[in-house]
Each structure stands twice: as structure tokens, then as C-alpha cells.
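Beneath this line is the structure, given in C-alpha cells, with notes to follow.
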Amino acid sequence: MIIIMSSETGEAQIKAVVDRLAAMGLDSNVSQGVERTVIGAIGDENKIDKESIQALPGVEDVIRVMKPYKIVARSFHKGDSVVDIKGIKLGGNQIQVIAGPCSVETQEQMNLAAQGVADAGCRLMRGGAFKPRTSPYSFQGKGEEGLTLFRNAAEKHNLPIVTELMDVRMLDTFMEHDVDVIQIGTRNMQNFDLLKEVGRIKKPVILKRGMSATISEWLMAAEYIAAGGNHDIIFCERGVRSFETYYRNVLDVTAIPVLKKETHLPVIVDPSHAGGKAWMVPALSRAAIAAGADGLLVEMHPNPCEAWCDADQALTPQELKDLMGELKGIAQVIGRDI
Amino acid sequence: MIIIMSSETGEAQIKAVVDRLAAMGLDSNVSQGVERTVIGAIGDENKIDKESIQALPGVEDVIRVMKPYKIVARSFHKGDSVVDIKGIKLGGNQIQVIAGPCSVETQEQMNLAAQGVADAGCRLMRGGAFKPRTSPYSFQGKGEEGLTLFRNAAEKHNLPIVTELMDVRMLDTFMEHDVDVIQIGTRNMQNFDLLKEVGRIKKPVILKRGMSATISEWLMAAEYIAAGGNHDIIFCERGVRSFETYYRNVLDVTAIPVLKKETHLPVIVDPSHAGGKAWMVPALSRAAIAAGADGLLVEMHPNPCEAWCDADQALTPQELKDLMGELKGIAQVIGRDI
Amino acid sequence: MIIIMSSETGEAQIKAVVDRLAAMGLDSNVSQGVERTVIGAIGDENKIDKESIQALPGVEDVIRVMKPYKIVARSFHKGDSVVDIKGIKLGGNQIQVIAGPCSVETQEQMNLAAQGVADAGCRLMRGGAFKPRTSPYSFQGKGEEGLTLFRNAAEKHNLPIVTELMDVRMLDTFMEHDVDVIQIGTRNMQNFDLLKEVGRIKKPVILKRGMSATISEWLMAAEYIAAGGNHDIIFCERGVRSFETYYRNVLDVTAIPVLKKETHLPVIVDPSHAGGKAWMVPALSRAAIAAGADGLLVEMHPNPCEAWCDADQALTPQELKDLMGELKGIAQVIGRDI
Amino acid sequence: MIIIMSSETGEAQIKAVVDRLAAMGLDSNVSQGVERTVIGAIGDENKIDKESIQALPGVEDVIRVMKPYKIVARSFHKGDSVVDIKGIKLGGNQIQVIAGPCSVETQEQMNLAAQGVADAGCRLMRGGAFKPRTSPYSFQGKGEEGLTLFRNAAEKHNLPIVTELMDVRMLDTFMEHDVDVIQIGTRNMQNFDLLKEVGRIKKPVILKRGMSATISEWLMAAEYIAAGGNHDIIFCERGVRSFETYYRNVLDVTAIPVLKKETHLPVIVDPSHAGGKAWMVPALSRAAIAAGADGLLVEMHPNPCEAWCDADQALTPQELKDLMGELKGIAQVIGRDI
């Protein structure tokens, strides 16, 4: 940790900082510059509360030099971590496209969707039984019944299922239904109690990025899960909020190489929620894979115009199939398969 | 709802939209313009899923003309709603400053804090027993014990207590401790299950704005609470995320007159989390009151440098007292008291 | 144009709007809904000043239904426009990578850079003689002398030159030096007098996106150039400002398919300024091409560590060569060459 | 300057950094921490190009400890600088409200406007003769004729005039018309050639904040003017771009106390462009003055509904008068007059 003193700081204030650091078990390196004094704290900076140093008289700025995340950090595990989902590997050489409808509606819809997912060559299926809707008056999802419909449809094609958990009280139900991958949505990225609970179980977790979360906050949210013992975490970039109104969010492709540098965990991209329109999905999907993503989370509906939510962003089964073809080519160029 | 068709739309596509609207029970007003056709849907637009219309062929844009919020809307209740907190009115002519430390630490700290709150002339006290921290390795709050320490300190001065609820499973505990005002934090503004639960109880709720929530999303989050039957909701503006790194968030003062226009519910401001530095708090507090806020949520600690979290943004008891003096003058200018 | 009246509007206010529209030569379609009245203005909405309607009593919102841009709009020219730069086509099937140093420094540096550009198989060269620097005390570019050094180096390899024009008074100098492509930088995207001037000449213009410009503002800035008669405009996405501090800007890949839909003009991407670090450039470049960009604007320096500006974001000549290899594969997958 | 080396850095890389600093005339303080090595550069860090250090192998981050701005910095001039505009002081105890229409339209309109400005008790008048419009097809201002109309109207009431300069080639014209205060608009905040030119003259300059400019960039833009010799600079906060669509920009009140700390120069606020609606102006104006602004730049039109631009954000003469009354009270509370 580096403490930058303001330009008019006197000896007493410098001493007070050094004493405070010493009380916390850290040594100090005081460097008197031309304009200001800089104090380097030597030792484990995670012992220090940055704000409490910041609050001391004469302190202008406090800068951390160590990463706040540990288990999820690339330095914790040099190689790429591969998450195993019932034998399907995510994070390795093979790219995984997780496809399916925004929400579970009926058994027939789910059966058709599962068929479409399998036909396109995807190996994992998504679908929401509990939906986080902006309005309390909108369809809130089929609930537990949706999990049953989903499982019925998916198992005919041996597709592991991915679905969102919103309420910590539903975790037991998710375990009873043996949900294969638990998704933590954008609005819950910093629902710390929920993160702690999924950290205690043995199920892969997809952690979506918060609406305007920094990379560091996102890594720290994953650290909450990892700290509980569950290291099977998959980051999912889904765009961040911006001033642009043409599309729903700005897909942050830069986050892909950055996460690959900072963490050993897999990174996937949701092009559907990022753009918010089906016609943008192919371009965004190609970009994500080209930038190094380990997979995608894509919305597909057997009949988009009839979808109960987000109808305008779902691909048709045929469009998904075509997209898989395009992605195959890009995967090969960067030495991967799909 | 207005449906704008793309410029090359044909008769069949227009008819399909009109038919879809009719199936939902809405009439259509088709207006053939020079460049494009515009369809006005006449009837209750809340019956229609915007995205499902958006997904129809030839539709370029769909625009709502009705507000999505109902109970919280100004049109639902023309006058200003006043929330009664054990006899203290929030939202009326008297401005309320809710002060106290970021987190509950010890009985002694809370006693000194409560003394400072009362001495400054504030009528409500804040303090966190459960803390949403970015890092799982940071102090997470005293938990339930904190509620006891808080109540002990506050009741000597007859100060109702305001504290944050993060986990829906802790609601019963909050009720047992008879917490006077439940705060829903920034990270939980769209934790819909939590909102639904506090919508079922009879306790005032302070709903903080999400990190980058729009005014509309914020009003809809309040609608979740209101829809459950609890109309005692207080909005708390606490700054939104921006590109500026000099301060933590941009305090959005414009949100104050906008909320006053859109909703009948009280609006308060948290200048401490907005700026993130104690020295910014007086200027931001004056601005908030001058812009029409009904109150403030301010951090004060008996000894900021020793605070266990957010040490750099807490006022001292004396600074709080001085601030109350300044605010009194501004309140008078705009015809209110404090 | 659609005018949404507030819910309490009376007959007189509606009439006033209709009369105002009539005075401007537009017909009205009044649609009385359940909650509010909506007025559709029929005729050329570009004759109407949106704000003057917005200011009328009882008007709640005014929504344009026509695009404000004309010449640059896809509807103006259905096919893709191809810009010809001394025989090199930009916007056609062949992807163009424009490479070179951030700033012109010395003849030797430029000679080595030009050699590197040609060796990598690029056909156009970039280099800044006039530099927009945040600080008045930083190196401001070599000025006119830089144009000479640049031309000397580039012509040995028959590379047309691309360089930034900041000051409208330097346009004659640029013409004398026969600069092949004029770049309008991010900070000047809405320097309307500069746009008007480059609209009057016969030289291709690269128009970089403003720091936080919307797609619509960017298209309108291009419309300023086009309105003057110069239709050889190339859009250059270079990232938009965000809250993230890990990288300089968020590269907005979604802008690529959106521009391809809205305009017939070519779109290129600057991955160097977007990420701000050389190690991010390959991933961002691959993403841009995969998403459909017609080219790139990449920083390369013969010796990055010695560069006079933006040293940390320049590729080495070898890295550029390797990148070109990767991009070749991606181009083929999407049916293009490079 | 502090250089943070990455955790795997070896001796050779550290030596390379130290050598590079030595070559630039700076000493080094090498501090070997538990996880990483930190190098403090001792000497004038403005001699060093941050990026060139950043580009060296093993360097993870480079942090400046000195402010990049000099003349505009509070440390350059401890007291508040007061700008004298024909005897009217801006930046002292008296608050100045600069009012007038968005654009100069006719002599009659300007006469009525000037009357309204004087009647309300304002001492300075604003009005645009050259307008930066998003569309090339919108009214672009009356041009030079507008300056004459403006002067005619203002001089009857002895009101110094404030107007925007967009094109560096018009500076001589502005000098001939003896414009009293030159305004540099949002879109030109980083038009460095324009800043350099107004730095060479002896006229006060109002420098509006860029659409999404950081405080530091804004101070550096002012430094461009100051470096040329013109120290009569007034900062004008006018809101920054955000994701919110309800209002045009987020008025950044926090910028007021921050600028007051960082610079000795006056700070004013434009509440009209910030909110974009006339009904928001009173609340924003009160907030700005309460937060410590030295003045306001407010749009007022004798007949807003007939205004040629930004009709929806102009106050009427009576509304301006009423606002001045409210502001008088707030000014008194904070020990100022108006």
C-alpha cells in the first residue's frame, strides 16, 4: 500500500501514519520527494483498511499495490481452470454455447427448444424458471414447476440445465431438482448472502456481471463464492450500461482478455442481453469468440414472436444453427473447437 | 403504446400488428405518414408485452405512453405522502436528518454516536449491523448483536433506528428487534424477492438507488414494495456511478425535483456515500436541501479515524452540529424547518 | 413526429399543438387514448423544431419517427459505399489495416515504421504530426515538418498517408502536402466548423467517434461533412468512456453492426486507443473484424519503449505481422480478404 | 511518480526502470515489498512521460503523485481569483447570474430579453450568435449580425455580453465587437488550438465542461488557456452525460466543492443545459448556489414557446425574477450576496 501525503504535510502527520501502520504490523518506507512525501507500507496490505488510513490528517491518497482477490486470481492457479458440467468441459479448448429460451413457458415450448439446442450442436441448455422483471406486474416465471418442465425437456437430449437462482430460500429446491449450473444474475452480482450460499454447495455457478460493475468488483463477487469452497465459477459478460439508447448495453469485449489475464476461471458472453435485439447476436457472438471467450449464453426460442419475455432478442432454432456454423470457423482460426 | 413501423413496411405487416393488438383487447389508430406508418394502441397498455410487439416483422420501435408505475406515481396520490416513524414525520414540512455511524462497532461507540446525533438536533439514527462489503475478507458487520447494541444506545435519546436488511432470511430478526426503518441498500435495489418481503410488513422502508439505476427502474423497485401493501417508502439518492475518479459517485441532485414530480413519496439524500469524503458532505448536504430533499442520511462517527469502515467519509459530532446549523438557514429560505 | 400530451391536458392545449403544426405545414392525427392523447404530425418532420413543440403547454414528450440523418443514411444509398484511397478500396470486400506510430518523431523512426507497415502487408500508413495532448506541456507533435518526414517515409513503399487535422487553419497546408486521408479526432467530432471545411474538399475523411458520443450524434457529425459535398467518410470506433479504470475506454463492438445497418459508409476500429495497452490489441482487433469492421487503425512503432507518446499501446513490427496473420483467418471465415 | 512492478519482476527489469529514470534526471527509491517492488521517482515528474515508463518490461502500473496542472492549481494562488468584467466581479463574495436567450434572433427579441435580464437584477447577459447544433440542417445562429443585435440590446442596460466562440477564425471579429466574455462550449473544451488562441488575448473566458470530461481534463484544458498568459478563466459546470434519459445531463454539484479545492478560479453552473427543462432550473440553481458556485449561466427568453432553439429550457422573464428572489435568501445563508 502506498500513502501519498498532501504537499503541506508536516513531520507529525507522517509519524502518525507510520505509527498506525506499525500498530497494524506493517513496516514503512518513507520517501521524501520534491513536492510531497510518499509512504510505502511493507507487509500484508490486506490487514489494513484503506479508508482508515485515508482518514488520517495529511493523507491525500492511498493506493493498493496488491490485488484484493486471491483464490480467483491468475496467480493462485497458473493454468486455465476447466469447469466440468456432467462431463462437458467449459474453459478448455472446446467452446460451449449454452442456448435456450429466456423463460420456461410450457412443456411443448421447452421440448421444441431442447430439440433446437441439440440440433444446433450445443451441449448445454438455458431457461429461466424464476425471472427478475423490472415490473411487479410482469410475468415472474413459472417457478418450481418450470424446473420440472425444463428437466423433462432437456433430459431427452442429455442436456445439462442452466437456470437462474434469485432467492436464497430457493436453493434447496434447486438442489432437489439437481440443477446442473446455477446462474447468478446481473441484479444479484453483489447479493452477498446469495453468493455465500452458492459458495457452500458443489455446483458450477455462472456469475453474470453487474449492470455497471467494475472488473475488480466482479472478481471480488466471485471471491465471495470461492471463499466458501466452491471454485467452479464461470464469469459471464453481458454488457454494461451506457449513455447509448440504440442498444440495451455495451458489450464489453475488452473484459474478455482482461479477465483471462486476471483470473484462471472460464469466461463466457451473453450476446442476447448485451445487444437486446436478435439481429445483433451473430456479430456480437463472433466478436466474443474471436476475442477469446470460452463460450456463449444465447437466447433461442422455437417461436420468438410468441415468447413470454424478451421476444425481440431470441434467435430461431435455424438462426442458432447458422450461428454455430460461423463460430466453428472462427474457433478453428484461434486453435479451438466448438 | 405507439408502434413505429419501418419505412418499407407493407400492408400485411401493419395488419399483423393490428391483429395482435386486437387479440390483446386493444384498438388501433393507424396513421400513414410521409415516410412511415405509426400505429397507436388504444387501451390499457400494461396488458401488452412491449418486446412481443417489438419482435413482429416490420416493427422498428415501440414506445410506451403510460407510466409503468402505479401506486408510487404522483397521479395515484396528488398530495405529498408523509411517512410516520414513531411520531416523527418524514416527507412533510419538517426536514429530517438521519445520522450515525457506518457500522455498529461497540456499545461505547454507539453510545457516543447516539449522544452526538441527539446533540446535533437530529431525530433519527442510522447504523449498520449487516454490512455489504466488496470483499469477503472485510469486516461484515456485528450481525444480530449489532442490533442490540444499536437499540441500547438509541433508546436513551428516543431515537428511532434505521438499519440495512441484506438477507431476506433476517427479516424476522429485524421484526423481533422492532427495527424502526428498514434500509434496502444500493446493491439490493433490484433484489426483487427482498422487495416483495418488505412489501408485506408494516415498517417504513428506505430504498436506496442502485449504482446506475434509472429513475424509472427505481420507481418500479418501489412499486414492488408498494404492490405488497406497504406504502411507507422513502427514496434515497446516493449518487450514481460515473467515469470521474475524484469522488466515489456523482450525486444526482436533478433526481430530487424529478422524483418530486413523478411520485408522492418522500425523497432523502445520502451525501456521505455520494462524495465518499467527509469534506464534501456539507456542500452536498446544502445542495440536496436547497433542491427540495425531505431529509438526509449522513454518516457521523464519534472518532472517524478509528471507524471500522468508511472512516474517510464520516463527520465528527461537532461537524454534524455545524452542518445542522447551516441547513436550518437553507430550510427557512425554502419555507421549511428542520 | 409524435406528440404525447400529459394526462390532464384539455381541448385547448391539444388545439394549440395542432395549430402550431398546421402553421409549419403539417397535418395532425389526434388519437384519444384511455389515459392520454397522442398527436401524430404528418409531413416532413425536419421542418419542425422538436424543442419548440416540447415547450408548448400540456406537452409531455415529443418523439421523432424519421431519422435526422439523410446523406449518410443507409436509405440514401442501399449498397455499401467504397472509399477509394489512391486505388486502395476501403469498405469493399478487402479489409484494410492502417498502421503506424502515434506520432511522427524522426525520419529514421518513420522509415523503420513504414518498412514495418509494408512488411506486415498493410496498404495504408498512419502517423500524427499534430497531436491533441491533454497537457499544454506535453509534446505537441512535429507540426508541418512532420508531414514531410511522414511523406518521405511512406512513399518509398507507396503507402498513402493518414494523419490528423486539428486546426481548420492548417487545412491548406494539408492540401499542399497532399495528405491522402484526413483524420478528425475524437475531441473534434463536434467541432462543426472543422467538419464543414473538410466537407468542402475532395479527400477521404476518417471521423473518429467522440469520447461519449451517441451513434446518432456521430452520424450527424458525418452528415455535416456530407452536406458540404464530401461523401468519402469513414467512421472509426475507438471506444467510449466508462466507469472502468482497468482500460482506457470500452471498445463498443455493437456499434459495428449498428452502423452497418444505419449507414452505407465504411466502419473501421482503433483497438489501440480503445484498450490503451498493446497486449489488448490482438484480441480487440480479432473481435472488430469478426463483428464486421472494414478495417483497423493500429498503432505500431519500431521501438515502442522509445516512443514519444502512447508508448504503452504500440505494437512492435513483428507483433503487427503476427496480428495480420491471425486476421487473415478470420477474414476468410466471414468471406472477406485482407 | 510511483512505479509498481509486477509480482514476477526480476532485478534486471528493476534496474532498467531506475536507469531510465536516471537518464531523465530523477532519483529512485526502490522499496521491496512482500509481494511486489515499488519504485518511487524523486524529482520533477513532469519531465517524465508516464506512458514510456509504463511500456517498460515488468512495469504493472505508474501513478503520478504531482498534479499535472500548475497555473490553475490552488497551490499556485492560495486566495480566490476574482475575474473583473467591466467592473463586475465574478469569483468574489457577490454571486453573478448571467442570463439571456439561447440564441440571438431579432433586435426586438434581444431588447425584450435585455430588459428582462436587467429587471431581474442580473448584471451580465448571455446570448448565442454562433450555435453548435447537432444537425447541419438546424438554425446555425445569426452569425456576426447577431453580435451587433446583441450589443445594441445589452448596452442600453450596461450589461456586458457573454457569447460563444466556436471557430478560431472568428476571434478577430469577436475582438472587433469587443465581446466582454468569450464562452468556449462543451464540444470545444478540448479544441486545443482554440484554447491556445483565447489564451493569448485579454478577455475573460468561460470554459464549459466537456460532455464527459473528468475534472482533471477540464483543469488541463484551462491550463492551455492560462499557459498562454490569460488567467481570467471561469469554469462552467453544465452536467455530464449519463445513462438517464429523463433529463439531458446529470448536473454534477460535487464538481463545485472539488474545483474550489483544486483551483483558485471561479466556478459557475449552467442549470438550463444540465436539466434541459425549464421546470428543473429553479431547483438546480438553488442547489448550485448552496453548494458554493460563484454564479449561474441561465437561459431566459421573452417568449420561450417562440424561441428558435432549446425552447423547452428557457425561463420567462418573470420566472427569472422569481428565481433571483429565492437565490438571494440562499446567498445570505452562506454569507454571500447576489
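Lettered A, B, C and D in written order, each chain numbered from 1.
Operating definition for what follows: a residue touches a chain if its C-beta (ideal position, glycine included) is under 8 Å from a C-beta of that chain, and two chains touch if they have at least 3 such contacts.
These numbers come from a predicted model, not from an experiment.
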| item | value |
| --- | --- |
| Chain separated most widely from chain A, comparing mean CA positions | D |
| Selected interface, B-C versus A-C, where C-beta contact pairs are more numerous | A-C |
| For chain A paired with chain C, centre-to-centre distance based on mean C-alpha positions, whole Å | 31 |
| Distance from chain C to chain B - Cα centre to Cα centre, in angstrom | 39 |
| Contacts with 2+ other chains: residues of chain B | 212, 241-243, 245 |
| Sites on chain D touched by chain C in the complex | 46, 49, 51-52, 54-56, 68, 132-139, 166-169, 187-188, 190-193, 196, 210-213, 217, 220, 223-224, 227, 241, 278, 304-314 |
| In the complex, chain C residues that touch chain B | 2, 4, 7, 29, 31-36, 38, 40, 42-44, 63, 65-66, 75, 241-243, 245 |
| Touch list for chain A against partner chain C, complex | 212, 214-216, 239-240, 242-247, 250-254, 256-258, 261, 274-275, 279-280, 283-284, 286-292, 326, 329-330, 332-334 |
